Amino acid sequence: MSKTKVGIINVSGYAGIELARLLYQHPQVELTSVTGRSATGQKLGTVFPHLAGIDLTIEAKLGEVDLAFSAMPHQESAKEIIPLLDRGIKVVDISADFRLKDAAEYLSWYGFTHPAPQLLEQAVYGLTELYRSQVASAQLVANPGCYPTGAILALAPVVKAGLIEPDIVIDSKSGVSGAGRTLSQQTHYSEVNEDATAYALDGHRHLPEIIQELKRLHPGQSPSVTFVPHLIPMTRGILTTCYAPLVSGKVADSGKKKLKQLYLDFYQDEPFVKVVELPPHTKHTWGNNLCLIHPTVDQRTGRLIVISCIDNLVKGAAGQAIQNMNLMLGLPETTGLQALAIYP
Amino acid sequence: MSKTKVGIINVSGYAGIELARLLYQHPQVELTSVTGRSATGQKLGTVFPHLAGIDLTIEAKLGEVDLAFSAMPHQESAKEIIPLLDRGIKVVDISADFRLKDAAEYLSWYGFTHPAPQLLEQAVYGLTELYRSQVASAQLVANPGCYPTGAILALAPVVKAGLIEPDIVIDSKSGVSGAGRTLSQQTHYSEVNEDATAYALDGHRHLPEIIQELKRLHPGQSPSVTFVPHLIPMTRGILTTCYAPLVSGKVADSGKKKLKQLYLDFYQDEPFVKVVELPPHTKHTWGNNLCLIHPTVDQRTGRLIVISCIDNLVKGAAGQAIQNMNLMLGLPETTGLQALAIYP
Amino acid sequence: MSKTKVGIINVSGYAGIELARLLYQHPQVELTSVTGRSATGQKLGTVFPHLAGIDLTIEAKLGEVDLAFSAMPHQESAKEIIPLLDRGIKVVDISADFRLKDAAEYLSWYGFTHPAPQLLEQAVYGLTELYRSQVASAQLVANPGCYPTGAILALAPVVKAGLIEPDIVIDSKSGVSGAGRTLSQQTHYSEVNEDATAYALDGHRHLPEIIQELKRLHPGQSPSVTFVPHLIPMTRGILTTCYAPLVSGKVADSGKKKLKQLYLDFYQDEPFVKVVELPPHTKHTWGNNLCLIHPTVDQRTGRLIVISCIDNLVKGAAGQAIQNMNLMLGLPETTGLQALAIYP
Amino acid sequence: MSKTKVGIINVSGYAGIELARLLYQHPQVELTSVTGRSATGQKLGTVFPHLAGIDLTIEAKLGEVDLAFSAMPHQESAKEIIPLLDRGIKVVDISADFRLKDAAEYLSWYGFTHPAPQLLEQAVYGLTELYRSQVASAQLVANPGCYPTGAILALAPVVKAGLIEPDIVIDSKSGVSGAGRTLSQQTHYSEVNEDATAYALDGHRHLPEIIQELKRLHPGQSPSVTFVPHLIPMTRGILTTCYAPLVSGKVADSGKKKLKQLYLDFYQDEPFVKVVELPPHTKHTWGNNLCLIHPTVDQRTGRLIVISCIDNLVKGAAGQAIQNMNLMLGLPETTGLQALAIYP
């Protein structure tokens, strides 16, 4: 049986090379074409020695494939994708270009006029756990941002159940690979090592994405969300701590136990979301597609605390993209994604 | 002119050795005696090679000094200190034993009955910026915990001014040295490296300390505080992000500018607190006694965000202890503490 | 077709949990029993959350298996293994107990009298690339130490070809996981982070193992080997730099090119050894079973320099053990070991 | 008494900002002018917040000073320095431009024709421990490279005493700050973290500097030196491990003890070189000007092993530069350099 051919547009960033790594061990698809913004004409294994097992040359233009991943930066990604869609090719877009439903947000948050607003409705937001059936029949999936993945999965059960007041604080701590492979003073080893800092205090581009999805989970409610991302000295991983007041009387009596059961029920059949007993460690997701979630109640204040952990390059990017691809191709959702986290 | 003699009870933890390092370069006092729970009888420089410049032997019992620092664990510290106080010796206690004013809290939070409740009133809480004059005339100073130092300094101006609603979330990210030198799976390099995690979700012992001080800043108001500490892979540094709703109408109009001015005014003469323009980095405090504070407003939600950075072993422990000592001895507050942070 | 049953004696160290991780994704064998020195009676996934996908309880005694891995400490490992051998079970020993051919070395290097010297001859030294056929028919394989794996693979081609004088310096840099999961001041995060140090200057236990194998590669020559291991602040990985004078006239004329060809020929059919063009990075082996080797010549001095990189827990322990298991069970050597390194 | 005015040419690299940090706490000199290749016109404390205590603006041209430090890159440094020398200003050059005595080496190692070969003889090589009296009377001091500082101090006693054969291997492990503040893939956090690698296998520019000085220590002998630098995941510190055969019969009988005494005697009056009992840690030099040296003998092979540790930005650059400045200005050598290492 021949494998489905897939390709990666812009393999040379961290999301792109992580896609290549994961696709290499996928039993049902074959990575047949990769493009790059740089390094065109070079062997993939020359530029990225850990991918030497993959015998491909970085091309300027994507070859014939059945499904393409785009790991281009926003704005450029849409340009690459639109022609592919016209040719009937399925696409998973790692960029932000089709995540937001409201075209106006692209102007205010990303500074460009969206080139194809009509596609925003058609595109499926690829947080698989929330939109599984739509993903399965989609031609275009907008893969969620890394922060939104951890934050929305952490909050979805209580938001949907109407258990929290819409005053939400999301405090995220991310490894440096989330800032990409591009060089900057902010990713220089000597600057980042032994350092912690907050950034984007005036509003991170992932905020409208989080708000959009929280609203869809609880239509009619407009949550007031403060989201502060932090950079901490590790390569992979995002730990997100969410805070919100519990709606009076709904959880307080039975407390943590009831809350935990709500989460267990909500995620009971999910292969990649685990509700855990103890505060989770990002390290327990290193290199794999899991999202670990720990909900609890601050009994003194009646506040919900939920913590989630993901590997930003896997569940937060390439892994979730493949999870979506599996559904789009009619394959079992976990195919090629079963490797355990590497620890320690 | 002879220097004042000072000693360290339990030099062998991280707070103790940091005291020794800083006292070595202090021009007005002389470290003349150090005790240890282990390594008694050994030269200080044998156990801690970086202290080889200090010619002292670790003793079982403190020699004659004018002022003593206790870096003993809680409960044991009080036992050591009480006899010293009886002999008229000044003491700065790095432990928690005299921080809380309500003796009952020791039973509920630390699990022991306080041996000298009458001293709790006499002891001065050594957050120098808030209690400078009391520290100057104190015999016993209770040096604040590392987390409370960063959190209270971040919140003091707005709490005192009544600008925030008492619904406060404090999310702290700490380096591993805060967990001390004692061995545990939680401080094993291979477990901590490339990992982030939250802990003490049922209530950290620094919470009552934070609440006590916020109440003293705004008597009559009982703040609802959720405090979640996190461990991140670095040795030194605490970054604390505080969130609270601004009281309607009081800041909104002029916004960030007014808020910043409030902080600049509040800390205008402080040598060790700097209000900074950009989100601060823990690395900018590495090895020195500064607390960097960045207040801002999330305009979308009307929420205050304040971020502070300290070196947990300096401003969060040994440095602040020396700052207090300087006042207690009538020396200029900054003596011996002027070294710049080491960067990168 | 039923899978072969395998077990792990002492799953609770880093080599043990890495074996469990890799065996979980092995398609031909099933991990059916694990024992522990601690945590007996607990679920594997409770103690090690990243292994939650494996539904096993840590037992006190190994269940029925066809092949067992022992990850016990030396001396204790032999005690566990001998009864298994008597019952006809195949064993891969991760400890040092059957690596040395000369029983006397156990007394001088490990401080105990070997309990079964007769087995030392029977045991096959499991550096797969050198002893492939013997491993395939062995009942007992002594899995090499992490340092010897990197050092011997780096030197084997030139030693066998008689191209170097027997004056060899081996300088190794290891991540901290090599020191195991046991707690010590030397593995405390705050002590190891931002630190490099050498250790075992009087002779590391892996030295006799290295010498034994270099002698077997070039019988009649007794190499003078200085081996210095260093601990550097990372979790996984060993980079080994080897230095030796080239035999006069044999390489000098054609230089690096000839040398490289020798290595390419020596390792041409090896799935897990790659001779690379540029100085290798340990990161390019993170989590996988590769050994990367870069041989070159210091033209100014006529000295050989060879650098090798491995993941100490994979090719240096658990991965190589499974590579050996595959041969012992008649499976393709690479089964279950094809995952690419995780990068970055 | 007025302080001596000093300036820094190119303050904006890591050596430059470390000079600024150390000069700030120097009691006898005043930093009055700093220039930069970028950030001209900005306050020093705006670009480098940890230097906010220094009230200086980054200038395009150096103001009037009595002594200047140049932290310019090689080739550009000489251009800046020559006019200063003509005006009688004393200069400590952190670059390589005046380290080598043979002008021809600049063409072969640095790729440029030296603009002022006559100054090479006049310039004093600023390894203070070897050239103290010459430094004191010099107008131009060439501050040694970071690797040469650690390597030459490690080897000087045995080379001078003629105790080793001239077959020397120098294996150095450096923190990332040694690569400077300039951006490159090689200093990106995600690439460097959890990675070790060797580089410059065809010859590092510090090699001719090392050989020159070893020859001066033992005229008539031309040492065959292989030097391999490695990059390891830490910010500061260089650990250098040196290997060489001991001259037969000279040390063997009394061994390590005799060797250690030789080192103790050689460095007995040195304030910044400590001969230590145990293998040293780079962490024990973090932020200060010490070089720790541990000599030993591999008894099995008769080989000398010497290990040295320095902070590459202090003893390996800015600290040693100030040590030299002190001598050039007739100040006590240790002025402003007494701070202990920061640990942990």
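Labels for the chains are A, B, C and D, by order of writing; each one numbers its residues from 1.
Here is the rule we use: contacts are C-beta pairs under 8 Å (C-beta built on N, C-alpha and C of every residue); 3 or more make two chains touch, one makes a residue touch a chain.
In this text the structure is predicted, and so the values were computed from the model without any measurement.
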Could you quickly compare B-C and A-C and let me know which has more C-beta contacts?
-> A-C
Mind checking chain C against chain D and telling me if their interface is mostly the same residue numbers on each side, over half, or mostly different?
-> same
What chain lies farthest away from chain B once each centre is taken as the mean of the Cα atoms?
-> C
Between chain B and chain C, the Cα-mean centres are separated in Å by 46
Between the Cα centroids of chain C and chain D the separation in whole angstrom comes to 38
Distance from chain C to chain A - Cα centre to Cα centre, in angstrom | 37
Among all residues of chain A, those touching at least two other chains are 14, 175, 177, 181, 190, 193-194, 233-236, 280-281, 283, 286, 344
Sort out for me which residues of chain B touch chain A in the complex.
-> 167, 169, 171, 173, 175, 190-191, 193-199, 201-203, 224-226, 228, 230, 232-237, 239, 241, 243, 245, 279-283, 286, 296, 298-301, 303, 305, 307, 309, 344
Contacting residues of chain D [partner chain B, same complex] = 14, 17, 21, 24-25, 48-53, 177, 181, 193-194, 235-236, 274, 276, 278, 280-281, 283-287, 292, 338-344
Within their complex, state which residues of chain B touch chain C.
-> 14, 175-177, 181, 183-185, 187-190, 192-194, 233-235
